[in-house]
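Below are two complexes that have subunit A in common, paired first with subunit B and then with subunit C.
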Partner chain A sequence: MLGVRVQRWTLRYFAVALAALALALALVAAGVSYPAAPILAPATLVTVHLLTLGWLTPLMLGALSQLVPVITRRQLASDGAPGPALALLVVGLGAMLVGFLALGGGPLAAPFGTAADLALPIGGALVVSGVGVNAVNLAVTLWRARPLPLSGRYAAAALAFLAATVLLGLTLAATLTVPTLLPPVLAATLAGEGLPFHVLAGVGGWFTLTAMGVGLKLLAMFTLAPEERGRSGDAAFLLTAVGLGLAFVAGLAATFAPAARALGMLADMGLGAATLGVAVFVADMAIMYRQRRRRALELNARFGAWALALLALALGWGLVARLAGGGMAAFAPVVALALMGWLSGLGLSQLYKIVPFLTWIERYGARMGRERVPRVQDLVREGQAKPWFVLWFVGALVLSLAVAAPAPDLARASALALLIALAGIAWELAHSRRVRPEILAAGNGAGTGDSAGAGSGASVGSNAAAAAAVPLGRSAALPRPAPAPLTPTTKGGANHGNERR
Partner chain B sequence: MGTSDDDLSVLDVRDDLRAGREPLARILAAVDALPPGRGLRLYATFEPIPLYRVLAGRGFAHEARRLGEGDWEILFRPAQTARGAAGAVRGDGRSPAETASDDWPPPATHLDNRGLMPPEPMMRILQALEDLAPGEVLAAINDREPMFLLPELEARGHQIRIDRRNDGVHLTIRRGGDRA
Partner chain C sequence: MSDTGEPSVETVREALREVYDPELGYNIVDLGLVYGIAVEDGRVEITMTMTTPGCPAADYIEEGTRERVAMLDGVHDVAVQVVWSPPWTPDMMSDDAKRHFGFA
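And then the complex of A and B:
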């Protein structure tokens, strides 16, 4: 088959992701996890993995399983694999959460005893298989499509970091549950210093590289801007991906050989290169926005710019924290800003384009050209969605400040604000799947006073394709007005073939 | 633009359209006044798709281009000349899709979808295909390959040839058998 169809699992990945995000925010708002609780408390581990494995990972995997075919112009190696992989991921994450709560001091430690001890490694293994199936599926698809365009190279590098993150995470989990698995020195080093590399590979590599590639592709597509970014685009990609790789490998090696100063220096160079790469990326995206041919920005592009601004802020903040020689605690607000402001902010704002777009293709693809269909924009109410996005980005910024302060009560309040914003955004996404503008449009003449549809229903008439089907008089309310002056040849009245000769 | 401009008369109906006047009579008068072999360069505030059918009936092929918000330029050329011009454009880069399309009739409709946001190019192509008779050919230029359009074309039994060039993705689509 030529071309791309709607990946039927993508929207299910998004649904799972949104539910996990809501749960994580609820835990922070309720005050059971960080910053109200310690960073390695069982409840905090639950929240962190709900955010990373529950929200961001399915979000990125869902987006990639639709976008990689668009980028590579070929079908996924397997169209069906994402389905069972999602089941593995969800069940595995559930087991992992139980496992975290069963760790020493957790609420499930006593009642479940040793059975619960197994939940973490078993859950981890299931998550690894679910993620692995997706990663292999995407990687094979990308591999077959070489040479890759820029957005495809971002996806490929991100998948490599996904593998690194998951493998290191699995090792950490194993040392937490089975302390005798590794030699004591190795285990102690990993438990003490492995975590930052798990975070680096996950947040910096897997999430941020994916978000950079997906953001580049979507924002270029929907602002009509040039997607191949020339030398600045190549520089941003190579500096970020190679720099992160160097920081990860050399840094991890340095924890086991603290005497080898060269390793530490290499890791620092890698971090510096990656920081520079992300900075070049943000600057290049600003140029891309200016190069766009679509002057009016839709909501996803407008708030995509907000997310990029918060990425720049997180980058600067991280740089300052690093130069000031801060420890883990100094980076916590930076990670919070990167997770909530940049990654989640970008994710939510792009969902506001992807979900209506896929819904539209799915519903109207076969009807297009044969009957009047609404525009994609008729499925959304940007005016109603906008305040929720503003609340989201403000909430993300306040949350990072509250983590930095530290002001646990303010952090809880901002998590609640984020939860409310999320509910609003989710409601608007659900609206785009529910609404039937064509029915509202058909009912316009009969005067059906549907208040929700008054704005969007009326705009169906200004639909570019519909307008194009209408004669010069531009009375856009009718699909094909027969008596209009510019259609003297009634449809089917004459044989077009003979007409021209 | 770019092809020989000297054999085209110019008519701008944008003021008529903005003032709400129906420009058809002026357009037809201008077309009737054209000497044999001469074409018309028309400026309008939107793409006058129904006009294509009318002028095709008088032996004109068209080539539409969006100049900006609310500005369109449409070149109407006598069908033979248009084919010659297409051949001249083709000369810059040898394209398998074009050279292989000798068994297809010359395009009955041209669409320039560059500068349109997805999925508008897809909508316009499917819309225009519905106005063709089976076997007739549509030519379109897009900014990018319309990935979601391809399965839909296949499902409707149309054939497509894709040719990526510097100025955009050139699509040639032949309408399949009559609709079910």
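And then the complex of A and C:
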């Protein structure tokens, strides 16, 4: 076997992720979550965990389960594990959401009382199990493939931060619900100061390092640009990963030993290094875009650049907030921009490529050579999808500004805009998976038509008649199931690939 | 086609222009993925590569190559060998393909 198998759970991970994102946006749009409600209100916790554990984590896990085998040229250590792990993750997240709503002030606090309180640690444990199974599966696959290319090193570092994020989150959840679990001083310190480190490890480590590695691999592949980034690539990775690690470990330790100033300085140095690392990454990706051989970009690569631009903006914004000595509220819009603009923007734009690609493999891969098949790009309608992506990125920016203001009504309106954009994107993804008779009838007449920008339905359709009119040409010595008509080259068949050449 | 009924190398190459890299949407011959074609006594041997090692579409491209050539008159055996050296680069594309992707 030359290529790696398509992971049958990947699309299910993406479906769960999109549903969770829609629910989270609906809560913000309805005004029951931050910024209309306090940042630690039960409904806000629900929204945040829908975004992080419901949307971004399954998105990243689904992408890695498909991409790690491509990076390592090995099958996953276990092809079956992601299925049960997804079930654990979904059930656990559901229980966690119930648990958040049962916290003091939440709508379930009164009717369910302490019984509902148990949902948080139980749900957390299930989520840890689901995420853990995936993390171990991916980590073992990466370990067996050492030495790793750059994108693989990003994935490995991201998995380490995933473990740190989940373990710290579980500890925080347990501290909230079972206050006697830890010594009082430790519990109070964690409850008071643990959250920023949970966010740092999750958004900075797990999500951003994964997105950097996946973005590097996919955008290099799809734009025909060199994936090997040399010293700048190595520098970006090391500065970001080591800097974040230092900031996390030293910063967390400093909260328990506030007198140890060296720890605080180390944490600051780590944050500085990570900031520099992400800046080098963004600059290197800009160079990679300029080095690309595929001049006309497809939609996923065009909006991938928008996501990178919002990453740069979030980085600058965060730096200003840090230098101004802002508290957690000052970083809320930066986190919003990172979550919705950079991570979700990159995720949605790459889904627009990955979903049709997996659909092509599933539906048409085995038919190539026997009959005409469409290209991946024939499955999508970039013209129809583009406005939804523009709305998404504009909405993410406005949402961040509304959080910064703060302007709760504007935040609700922008969340509604994001929800509408998401519905449009989801509709286009569903379109790419629909079986359409005109594509099946025409097969790949389009062939080499430039896929970027142009909707390809017309070019496919224009070849339908020609395809149907051409008789099958094949050797009688090789019996096999009857294929649909394919031009017999031996009889001077038409060129099927190059209408636009 | 030769007097023996087997296809010429050029005929095989032309047939392979109907096999595509699904993501790039261009045929494997002009992408430069076909490194060599040999035809002898009805047996066709193709040496080729892929744009990305480990790509999930690789097996389908290989099988599509085999299937398309096997459909030619006079072919009774097809062997497809996928190699990774030399590694494929966009510079291996035909001039037409380079123009198509915008870097000719």
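Keep in mind that, in the parts below, the second predicted complex is superposed on the first by the 436 of 501 C-alpha atoms of A that agree within 3 Å, B and C clash if a C-alpha of one lies under 4 Å from a C-alpha of the other, contacts with A are read in each partner's own complex, and residues count from 1 in each chain.
Here is the rule we go by: a residue touches a chain if its C-beta (ideal position, glycine included) is under 8 Å from a C-beta of that chain, and two chains touch if they have at least 3 such contacts.
On a predicted model such as this, the values are computed, not experimentally measured, just so you know.
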| task | Go through the superposed model and pick first if A:Ile361 touches only subunit B, second if only subunit C, both, or neither. | result | both
| query | Touching A:Val376 in the superposition: subunit B (first), subunit C (second), both, neither? | reply | both
| In the superposed arrangement, which partner chain does A:Pro69 touch: subunit B (first), subunit C (second), both, or neither? | both
| message | Looking at A:Thr180 after the superposition, I want to know if it touches subunit B, subunit C, both of them or none. Which is it: first, second, both, neither? | response | neither
| note | Of the two partners subunit B and subunit C, more of subunit A gets touched by chain C
| Contact residues of subunit A, present in both the subunit B and the subunit C interface | 1-6, 69-70, 73, 221-222, 224, 293-295, 357, 360-361, 365-366, 368-370, 373, 376, 472-474, 486-489, 495-497, 500
| request: Going by the contact rule at the top, pick out the subunit A residues touching subunit B in the complex. | output: 1-6, 69-70, 73, 221-222, 224, 293-295, 357, 360-361, 365-366, 368-370, 373, 376, 464-465, 467-474, 484-489, 494-497, 499-500
| field | Residue numbers on subunit A that touch subunit C, as the complex places them | value | 1-6, 66, 69-73, 221-222, 224, 293-296, 357-358, 360-361, 364-366, 368-370, 372-373, 375-378, 444, 446-451, 472-478, 480, 486-490, 493, 495-498, 500-501
| said: Please output the residues of subunit B touching subunit A within their complex, sorted ascending. | reply: 17, 22-24, 44, 46-51, 53-54, 56-57, 59, 69, 79, 108, 115-120, 122-130, 132-133, 136, 143-155, 160, 179
| task | Give every residue of subunit C touching subunit A within the complex, in rising order. | result | 1, 7, 11, 14-15, 17-20, 22-23, 25-27, 30, 50-68, 70-76, 82, 90, 96-103
